[in-house]
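In the two complexes below, chain A is the common chain; its partner is chain B in one and chain C in the other.
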Partner chain A sequence: MNPLIFTTILMTVLLGTMIVMMSSHWLMIWIGFEMNLLAIIPILMKKYNPRTMEASTKYFLTQATASMLLMMAIIINLMHSGQWTITKVFNPTASIIMTSALAMKLGLTPFHFWVPEVTQGISLTSGLILLTWQKLAPMSILYQISPSINLNILLTMAVLSILVGGWGGLNQTQLRKIMAYSSIAHMGWMTAVLVYSPTLTMLNMLIYIMMTLTMFMLFIHSSSTTTLSLSHTWNKTPLTTTLILITLLSMGGLPPLSGFMPKWMIIQELTKNSSIILPTLMAIMALLNLYFYMRLTYSTSLTMFPSTNNMKMKWQFETKRITLLPPLIVMSSLLLPLTPMLSILD
Partner chain B sequence: MLKIIIPTIMLMPLTWLSKKNMIWINTTTYSLLISLISLSLLNQPSNNSLNFSLMFFSDPLSAPLLVLTTWLLPLMLMASQHHLSKEPLIRKKLYITMLTMLQTFLIMTFTATELISFYILFEATLVPTLIIITRWGNQTERLNAGLYFLFYTLMGSLPLLVALISIQNLTGSLNFLLIQYWNQALPDSWSNIFLWLACMMAFMVKMPLYGLHLWLPKAHVEAPIAGSMVLAAILLKLGGYGMLRITTMLNPQTSFMAYPFLMLSLWGMIMTSSICLRQTDLKSLIAYSSVSHMALVIVAVLIQTPWSYMGATALMIAHGLTSSMLFCLANSNYERTHSRTMILARGLQTLLPLMAAWWLLASLTNLALPPSINLIGELFVVMSSFSWSNITIILMGANITITALYSLYMLITTQRGKYTHHINNIKPSFTRENALMALHMTPLLLLSLNPKIILGFTY
Partner chain C sequence: MMTYIVFILSVIFVVSFVGFSSKPSPIYGGLVLIVSGGVGCGIIMNFGGSFLGLMVFLIYLGGMLVVFGYTTAMATEQYPEVWVSNTTVMGVFLLGLLMEVMLVLYVLKSEEVGVVFEFSGVGDWAIYDTGDSGVFSEEIMGVAALYSYGAWVVIVTGWSLFVGVLVILEVTRGD
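Let's turn to the complex of A and B:
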């Protein structure tokens, strides 16, 4: 793509999300979402083949539906409160419709079906933007309307997302689908604690974005999209295997890595609010996620996976330059002792 | 406590910056020095604990376990030298780094005051152990072993996290120093029964309790020697240590909640001892014997009398040293014949007489011969369980007999008789191996002269 046009489109995506995060008028938020959606379609379709077309179409249809539902909720809210300012939502119906719309945008169950298919159909870099940047806008709206969200619906969607994210990822070998199911499960964790303490949602979002960014960077660095091609990294760049191991264990939520921090804080917050079975169930379901991360580490770092003899002498003619990888890796693994820092997110 | 933790952490830069011919020497020497520092903690002047800071403390229960942990690191390094000799330098350094990381987490776990920090470090010990088992084990079954190990432990310990946080909400603090003064009875309700279960299951899986022990033979057999040593000697004791700490908060439910686990342990120790008599794999035999000894510790901890606590602590230390020594002996066989089958390497006394002396001593301590500390531990547990209920003497007596049977079976099969014809060209024992066995045996024998230091806080 022409660099000038690509820059413009990328800036529009950024601008759309910024508008969503910083507006106080509901109409501007809807405009921000639409701007974001329209501008990201060309980015998703950077490679022009039927697979990306299909993925982009699916993404467009689901997100457009969600935006329309959002508009409807905004109008109902307008009818009942008479004003366009973003505060809590004044009508339960509007609140439910808005929560469903934002769940559709985030990929929460039962609206999660588009996430694996869209993530699989696009390139790794576009998948990265999809799974990290695109989650910021809907999450910021959920943060702002959090006092008025119906707890039952949100918690049901959250727990179902954790279940689906765990079980759905078990049969996958394609890395992008694995990351998609991981995203569904993490979104579930984030929304489960939204009503109790939105700060923890933001913390989880921050740590999740760091870990997903690291994972995608490592995948892009080894140009691998399947488990099999990832298993060749011990031949090419053995250090990457260690980094993949650390980041995957962090995503699975193992102490003492930083992925444990959001899970611990969320369990703490939920337990303080006297729900005990829910965090236990969520924690045990997160072990399903850990299982398929472990499978990835087994084929990548903890064994020297069988490969053909040609692989051992493979030359890298062009070393991919990955920005920010070392700081990201450090942040996605060593942040646990800095847990008290979450007070800055208030 | 930082005087032990910081040197242990600094062992990691030491390995990465050492020259190729100095890595083993440097790390073994400095870890021996660190273990000498930790010996000073055994001097506990009063009945109270030694408090080093708000975060670390050491009391007569954790001090012997800490000394055992720091003592084992040089032994693990010595034991691993042979099987890593053919690996590239970076992989050797990675292995030593994993061991050091594990050591750091273990030291911090045994001395943590705050129970949530204990939990985080308890879980943190899983990661290096998993990497050691899966990356450096020898057979394909190691993958399955690592998964079983990780998931059994995590399934047990996630409810523990929730339980600890809910206890923190109720009482305001989980600092162990405070809790021993605060102690109130838990009210009797269904949710407190689940709280009891949630607190104890993590440690039951780690010990392991008889029904949940499936991960242990797999993990012990597939791990490399240092992994087996640290698993048998220390990681199982984490479960015992955790149980001893957390039962102080869980009265009075323990009086009736303990029955199923007592039954499982009493039956399980006989079952696992009997399985030992039918094992063909040497490491598997030692692994099942670990389950059997730990079942005794579970019985002792759940009975909650002063003598049983003394027996539990003594048994933990004694079993740690004995089991680790047995694994080293089995590994010396494995390095020569590359097989763990017992009958493939028979009659070793003729070929390696000094090693046969170590085998004899290890088997004798395993079957709890007087006056070793193994006997003190077992005897105290048998006596206290007899006073708890007279009938248990039948099971305990049967267990002692069967333990003697399989220990002698192991000794006689590997050492006595005519040697097999294919092992008459094995290398003689290295000085390193003899030193390893001596370093295991010497604390064991010396402690039988003054067992007071390992008898825990009820002495």
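Let's turn to the complex of A and C:
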């Protein structure tokens, strides 16, 4: 793609999300979503093969439907409250429709079906933008309407997302689909605590973005999209096998690593609000996630996975330079001791 | 009948939307789009928006739909789908018509209709000429406000349309 056009379109993706996050008029928020959707389609289609075109079409159809539902909720809100300002949505119908629309944009169950298929059909860099940057805009709107969201619907969607994210990822060997199911599960964790403490949603979003960024950068560095090709990392850059191990365990939420911080805080906040069964179920279902991360670490870092003999003597022609990988790795594994700093957020 | 003209126009509006949503060939979709554009113009004009109705005819029908018609004529197929050619298309069209007829009967018969918002029978569709807004027409003031207070909206929508063209060119360019 022409570099000037590519830069313009990438900046428009950024501009769309910025407009969503900083507008106070519902119509501008909708325009921001549409601008974001329109501009990310050529980024998803950077390589011209039928897979990317199919993935971009699926993404466009689901997100356009979600935008239509969002517009309907905005208009119902306008009819009942007579104004366009972003506040909590007072009408229950509009609130439910808006929550469903934003859940479709995020990829929460039961609207999760597009996430693995779209993530699988596009390149690793496009998948990175899809799973991290595109989650910011809907989450910011959910944050702003959080006082009025119907608790039953949101918690049902959150718990089902954690379940689907865990179970769906079990049978996958393609790394992009694994990251997609991981994204579904993390979105479930984020929306579960949204009504109780939106600050923790933002904390979880921040840590999730750091960890997903790190994982994708490591995959791009070794140009691997399947478990099998990831298991050859010991031959290309042995150091990254350890880094993959640490980051995957952090994503699974294991204690001395940063991924534990959001889960710990979320479980604490939920139990403070006298719901015990829910966080227990969520924590148990996060074990499913941990299982397939462990399987990746087993084949990559803990064992020398069986491969043909010519795979054991690989030429590395040029090392890809990945920006910001060391700071990202440090941040996605070592932030847990900073947890007491969260008290400044209130 | 003139008191309920908005209601009648809205029924024709929905029927033409059903006409192109049942997915015949795009040429026939464009045909009912012209009808729906004209009828929508009538609805807007009944609410006092004569300028906006003119915009619908000039820009929407006379600009965008003409370009759409030309591009569809270039990409047309040998045997285009009509509403009666394919069982599926005819089935969906009849289903949509049935839903609209049931809704119209519900509105005409019952005293109050409350689906998402409430309006009481057909009486709410009649436009009464109350509320004298003085010398200035409301919609012209709205258009003027778009270019003064709403400058940011103009910039954002203008940029979206520009990027839309870039995106479409990029997507159809291929390799």
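What we mean here is this: the second predicted complex is superposed on the first by the 342 of 346 C-alpha atoms of A that agree within 3 Å, B and C clash if a C-alpha of one lies under 4 Å from a C-alpha of the other, contacts with A are read in each partner's own complex, and residues count from 1 in each chain.
Going forward, a contact is a pair of C-beta atoms (placed from the backbone, for glycine too) under 8 Å apart; a residue touches a chain by one contact, two chains touch by 3 or more.
Predicted model only: the values in this text are computed from it and were never measured.
With chain A as the common reference for superposition, the partners chain B and chain C occupy compatible, non-clashing space. The angle formed at chain A by the C-alpha centres of chain B and chain C is 160 degrees to the nearest 10. By the touch criterion stated above, A:T226 is placed in contact with neither chain B nor chain C. In the superposition on chain A, A:S307 makes contact with neither chain B nor chain C. Of the two partner chains placed by superposition, A:Q174 touches none, neither chain B nor chain C. With both structures placed on the common chain, the touch criterion links A:M28 to chain C but leaves chain B unconnected. Of the two partner chains, neither chain B nor chain C is touched by A:T237.
In the composite built from the two structures, the nearest CA pair linking chain B and chain C is 42 Å apart. On chain A, the surface touched by chain B in one complex and the surface touched by chain C in the other have no residue in common.
Residue ranges of chain C in contact with chain A, taken from their complex: 116-117, 152-153, 156-157, 159-160, 163-164, 166-167, 170-171, 174-175. Of all residues in chain A, those touching chain C in their complex are 1, 5, 8-9, 12, 15, 19, 27-28, 31-32, 34-35, 38-39, 41-42, 45, 48, 76, 79-80, 93.
On chain A, the positions that touch chain B within their shared complex are 245, 249, 254-257, 260, 264, 267-268, 271-272, 276, 279-280, 283-284, 287, 290-291, 294, 298, 301-303, 336. Touching chain A in their complex are the following residues of chain B: 105, 119-121, 123-124, 126-127, 131, 134-135, 143, 146-147, 150-151, 154-155, 158-159, 161-162, 165-166, 169, 191, 198.
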